[in-house]
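In the two complexes that follow, chain A is the common piece, with chain B as its partner first and chain C second.
Up next, the complex of A and B:
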């Protein structure tokens, strides 16, 4: 330890000195911002390219025209035919599943299997996959869906999610195998996966609903596109990480490559592949919920309606179902992965005799429950939903009381931040002439992140300009930046606190872990509860959504600072404040920049979803795209602009992180904007 | 040598872009760094030829980076050789189709690895049976055979354990049983005991010697440990920078090192335990007494020492009734004193 530490410190100091010799990045950035402010004062309001909500331009019309052409040639266009066929399949599968557990099929008053049967089945599957704890959790969760009054919607969300996950795995595993085997395939797929993961999930809906129509098929298609990337990436990584000696040893015995895959690589990679499936499942769940925007069935619908009607109580109860479902799915797949890891490492036949007996008895119980649930209507339809109604009323009353009591505090905070940060920054970005803002953003990218980021930034800004959505894009960018700023304040304060106090870490970490698996949509509920609909709520929702990952990254980065360095600093008599500002934060710089990257992407995706709850700008343009046919082109352009913004902030932050010497590792990448919108 | 179990002729392995051009070219003789800078290539195996007789234990020895592990992988094309010929039972491995090569790996040649390479998710018995499983042997039959192998390597009672539950030495016994289970004609060992503790290593070496007596396989054994090479090998091939430095029996290598590299290598070997009378005897001189006891030429010096020192006459080294030479006290003492000095140095 003592032998290694001085060298390590020396190495880091060297690179710090290198960095310091060039003009420091922050100084360059400050100069650019100062010049920008001067230019804004001189030319504000000129050439800002504003476009109001209900106007559109030639570019937008030509995009709409493209849509019209596609639809006109529906019968001859191979792509349209293929997606049309797929949509029919998705629709048929969804209907079949729905008639099984959520919606009455024609000629029956209730679904094929009533709630009692489904609850029993859920418990049995939980036991099969992950043991009795998960079985209990599954039974309790499913009962709560009924008690809260959202049985049917939860079943819809669940079955769409599972359907999407099955398709993701069927597509993703073969791709993962190809990627693990071939460098060429990896090189070809990586950029595609990057873009798929960087785009906010909401964004998939506008282009996809053209091909898949409204409703469940579009939801499934969007979920598949959005959620396949994690399982591909993690599985490919898992297969590649299988011990080389074992592969060589078994190759030396003359196995075929199929035998190698089936008997060696897949079994040895299994537990990590399940981690990939977990990530895919959480991503699919969040997409299925957002797909309520295109009328997909499920829990997203009631939340949206309740938010639109200001029924915070109903939104809360439906949101609670989403939260319970997310926790259940996450816990179940995580437990399944841990279990499979244990089986692979510690051995054991997998199941003891008593395990098999339990499963057999369970199967009989399930059969009996299914039978009775088909016999009695009160076992089929969940009738006792009073708790949900009570809860809804209570939350509604509480909200009323809370807002009237703390109105001054919440409005005060909102007004203060709006006046101090939000409005001035928005003026600077959106009310400067477009060429001034564009040049300033590009130069900032150059100063902070280097030449490659500069080139990408210029390209992205050019794309946004061409799409005729400059002004809206600047407003969305502003929300993103302000949100990310708040996220970073939280991340630095709480992250450092966690890193310095194991007890705080112990308390906060499980909460952050749980918060990270929530579909982002639910974060709109508390934000709107506190600050009502509008731009500010969307930003706050984004902050709540992005904070967990950012806090964890900062905490981990600070915790990684070598203890020897910390001790050395302590021995020179540094105060706590000096320790934080002069040792721990500078050495965790890479993690901090990475946290900013994640913060930006997460807040961006929420700023877009927020379009529906009054946040305006690009999100609103998108929503307009699928609500009104004549604005389809504008919606599509907005989706494009959002992708460009996403790529831009991602590349700037990622390359800034690389310059600080921190690789974006595979897991943060896959978590990505990840469990994300 | 058509009766060799394994015959290697002019084998090359060059890593890097367009490796064929390096084979047999003058560039191949450049020092490694120069060649790498010039062509981007590294020569791992350089024009290696040798034959292994059926039932022979052939040891390939060299320091790390000498190319020995690459060499053994070239034999069954786990690494594709760049040039040369590998004949196993008279058939050229390099021209085999994929299916023929699989056939060879499944039935004729098996390998034991330094880091075992066991399947962690399978029980010992299923690890041992893996080779039989992939060639389609029924479960009952392969478990029967695997059980025999488990018993043979002394793991009886552990067949239902998982690899992680076993010690390193026991895991390598599983590797050994797995390689034996397919009943190969040739067994390849890639530094199988290097990762084990010295005491366990000694046990395992004894195990290999015992197995060789019992099953009589042809073995090619890679090691960086000279003591191991001397103990196990019928013949030893010493490699350096991919090329052969010397091939010979253990006593040949110790008594007559081909160059300073080998001499340096064998300098701290207890010579009296390895060198045979053949290497210390001298021609009879006029006046020598021919009345001393007779000993065969492959008697190790240490075994012969007592007889020679006790006898008043020089010991005659006799093979097939012919006297090859004489050994007297001075010759024996020279070996032993040289050894003492080497140890002190």
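Up next, the complex of A and C:
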């Protein structure tokens, strides 16, 4: 997410001054909170700006008015005409691709290429891009899509994702080159990219639907907007990092700027650019799934349908296909990146004769498979879907057993945490007068993160105030903070455990990867059975989504603490507990701060999902705006408020980290959000 | 799929090593998978785009109409799965032809009907279902505390309904934001000691009612019929002051029960004027709440695909289907 931004790791001098200052930051913060509590006691309930669920204000109506004008003028508005034309192109491309591998074209009972042909093709492409391991993984994954019973939907999801990624790269690479060349472009684009990445994906659909209509076009457009940022940022960073001496050396041979780009910069930056494409792909995939809300084809549809019919088993199996697809795409692009780096190091084009022979033989096999998949119906249409049905039944039964066995325990935990943390914090944030909360948050930002963060915080809060959603925003902020707190507890406990035991790491990592891309709709119903409708179920959804990235960051951070340091500590007879608290955690502080930052943003991005399970606040407002025409403006305002909250918490966390002089390994350690909102 | 021909089966192992024997086999493989023409009907039906809004009942109605159109009229049927608001916007662009179950959307009518709006949508009569929106409690609660089904006694139980989300008051579970609802106003105007907590989605509401019935917990909330849940858990309706014309206007003054809603079919004007064979089908389509609940339960409870559930119902009720097809 936003932390991918190659943040200037500056402010070291500031922090030196800072440390010299008499009052430490935590003491300042404590004083501010104490004053806040006193002010709350004095004025609670006054000027809290609450707004009923089904109420709206003039600001919201004027935002709705904008939409009404657009619809009224859709035949004459140039922008609407252009996007309408684009939508037709997207639609035509999607249909063409779908008829190739997923949907029967007119006059044919099955797609042009049947499953056997597609599986062979996937293996071949995997080999071409990343070697035989990935080829095997691709074949196994594609077979599993069929066995699980979602062949067609998975193909649709894959097509839309790839289409979006191609467009993202076509748009993103030129932008990246411009950004690498010009500081002005960078300065202009950075805030835009920030906003694009901080917006929860659901919030794209509401405005975009107006321009692109239903189905695949809207899904592709939303994915492109949402997913372009990573490839732009990472590629720009990569091109900028091409060593100055190389560029100078080749410049001295009199190359043109175009030659420099094509012959030197792009090839040398290639492996990092592929990392950018990887992140773009993951983001696009997650958006394509969410686009089921506007009837985009693919796996999101069955998940939503299963949710409405309370078929948790079906939702899980469809979700599993998403997980497998995500892991395949992730591993394939990662392997491709590593491979291209190895090739670059070796120099030359790299493919051996053996390799060419294998590719040629492979091509023949593919041709044969495609041929037969056009010939026989059982090679065209995947019929053996029993494993998927079995798995679905099993999950359905298991969930029923699990929820009915543990719901008293979980409900008790929910009540305890709600009473001890969630409600008191919410009272402080949302039941203080708005100016008290606003001032307190701004001052906390100043104390913890410095002047720049203070200014941004004030601006964001002013925006939220103007959008007339103050009270709801405070409730959402509270859920985000509590969620992030739980995430950090998990991250520290499990992260350290993983770092200290390779075996635990081995077992947990794939589970974490899966949890990160499993669409949250899948576990909403069990969450309700375990934690009842309300804020806590929403927080759980956020925690499940955010914990994996935070846990991995902490685990990696602790693992990086040098063995020499650890051994030195051991030789002084430190206990495990001392080792963790005095050596490993302090030395991994940069990773922990980054984990907190990511935890906050990921939990916040689940706010909309929270609206679907009774958490109310901004999430509900977004869903409401999406559902009812007269509340469109309120939904738009809620989307805006979520973005502002995101920018606010991100900047506070990021600048707090910078001020403590912590290096954050921005490039390799953060990934785009998975298939969440 | 009946047009498929599978002449000879080759094993998967054969395929794996197929590079060499490819030409050999292909010589006698012969033919492509046969092309299929659209079945019956004879081309008077083109494309039919049915909206499927996010509740199972509507899915049932849409798929029954869709399956009839596809198998008995030979239409190409597309299902557009999205929320009402977006479905209506789709009439103008031709992405949606039919919303088979409309619960009344004055705001959308204003925007898209002839006269006040752009005229892209029109009404095509009732679909036979009666929408009964109201306040409901799980069956066990109505049995144990019969007086709870009258609103005047609700305040006596407010404490029992309290949850961690309701801030000391009783919790009233509000609905999916798509639905027509006045619960905040009703609670206020009837001086009920309750707070509306919006479930945010139909799925969440259903899960909450199921859980409340299973564990015998207190729960009161907005619900509606027809809905498949009634086939499994027949929720009990709570009596509110009777509906009278105008008692919900303005919305903030609502202090009465919801009116029984006659569910309507809303269609795209352009499609309705096209004279397509499917127009008559949609125009004639009518069925009862029980019919819909039966198909809905097959989808939701038995986990059947909507196509299969629709086919099963059609098979049992060809008479009704015939009456829709009669012009």
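Keep in mind that, in the parts below, the second predicted complex is superposed on the first by the 548 of 677 C-alpha atoms of A that agree within 3 Å, B and C clash if a C-alpha of one lies under 4 Å from a C-alpha of the other, contacts with A are read in each partner's own complex, and residues count from 1 in each chain.
The criterion applied here is as follows: contacts are C-beta pairs under 8 Å (C-beta built on N, C-alpha and C of every residue); 3 or more make two chains touch, one makes a residue touch a chain.
Here the structure is a predicted model, which means the values were calculated and not measured.
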*asked:* For A:378, using the defined touch cut-off, is the partner it touches chain B, chain C, both, or neither? Pick first, second, both or neither.
replied: second
*Classify the contacts of A:183 with the two partner chains as first (chain B alone), second (chain C alone), both, or neither.*
neither
_Quick check on the superposed pair: does A:536 touch chain B, chain C, both, or neither? Answer first, second, both or neither._
second
*Now for A:369: first (chain B), second (chain C), both, or neither, which partner does it touch?*
second
_Partner chain in contact with A:116 - chain B first, chain C second, else both or neither_ = second
*Would you check which partner chain A:249 touches, where first means chain B only, second means chain C only, and both and neither mean what they say?*
first
*asked:* Counting residues of chain A touched by each partner, does chain B or chain C come out ahead?
replied: C
_One more residue to check, A:263. First (chain B), second (chain C), both or neither?_
first
*Once the complexes are superposed, what residues of chain A are shared between the chain B interface and the chain C interface?*
none
*Could you please specify the touching residues of chain A with respect to chain C in the complex?*
52-54, 68, 71-72, 74, 107-110, 116, 209-210, 213-215, 292-295, 301, 304-305, 307-311, 313-314, 361, 364-365, 367-369, 371-372, 374-381, 392, 396, 404, 407, 414-415, 418-419, 422-423, 524-525, 528-529, 532-536, 610-616, 619-620, 623-624, 626-631
*In the complex, chain C residues that touch chain A*: 1, 3-7, 9-10, 15, 18-19, 22, 25-26, 29, 31-37, 54-56, 59, 80-86, 89-90, 92-93, 95-96, 105, 107-108, 111, 118, 163-165, 173-174, 176-178, 181-182, 184, 196-208, 210-211, 214-215, 228, 251, 299-300, 303
_Quick check: in the complex, which residue numbers of chain B touch chain A?_
76, 78, 101-107, 109-111, 113-121, 123, 130-131, 133-135, 161-162, 164-165, 175, 178, 182, 188
_Touching residues on chain A, where the partner in the complex is chain B_ = 243, 245-256, 259, 263-264, 267-268, 270, 343-348
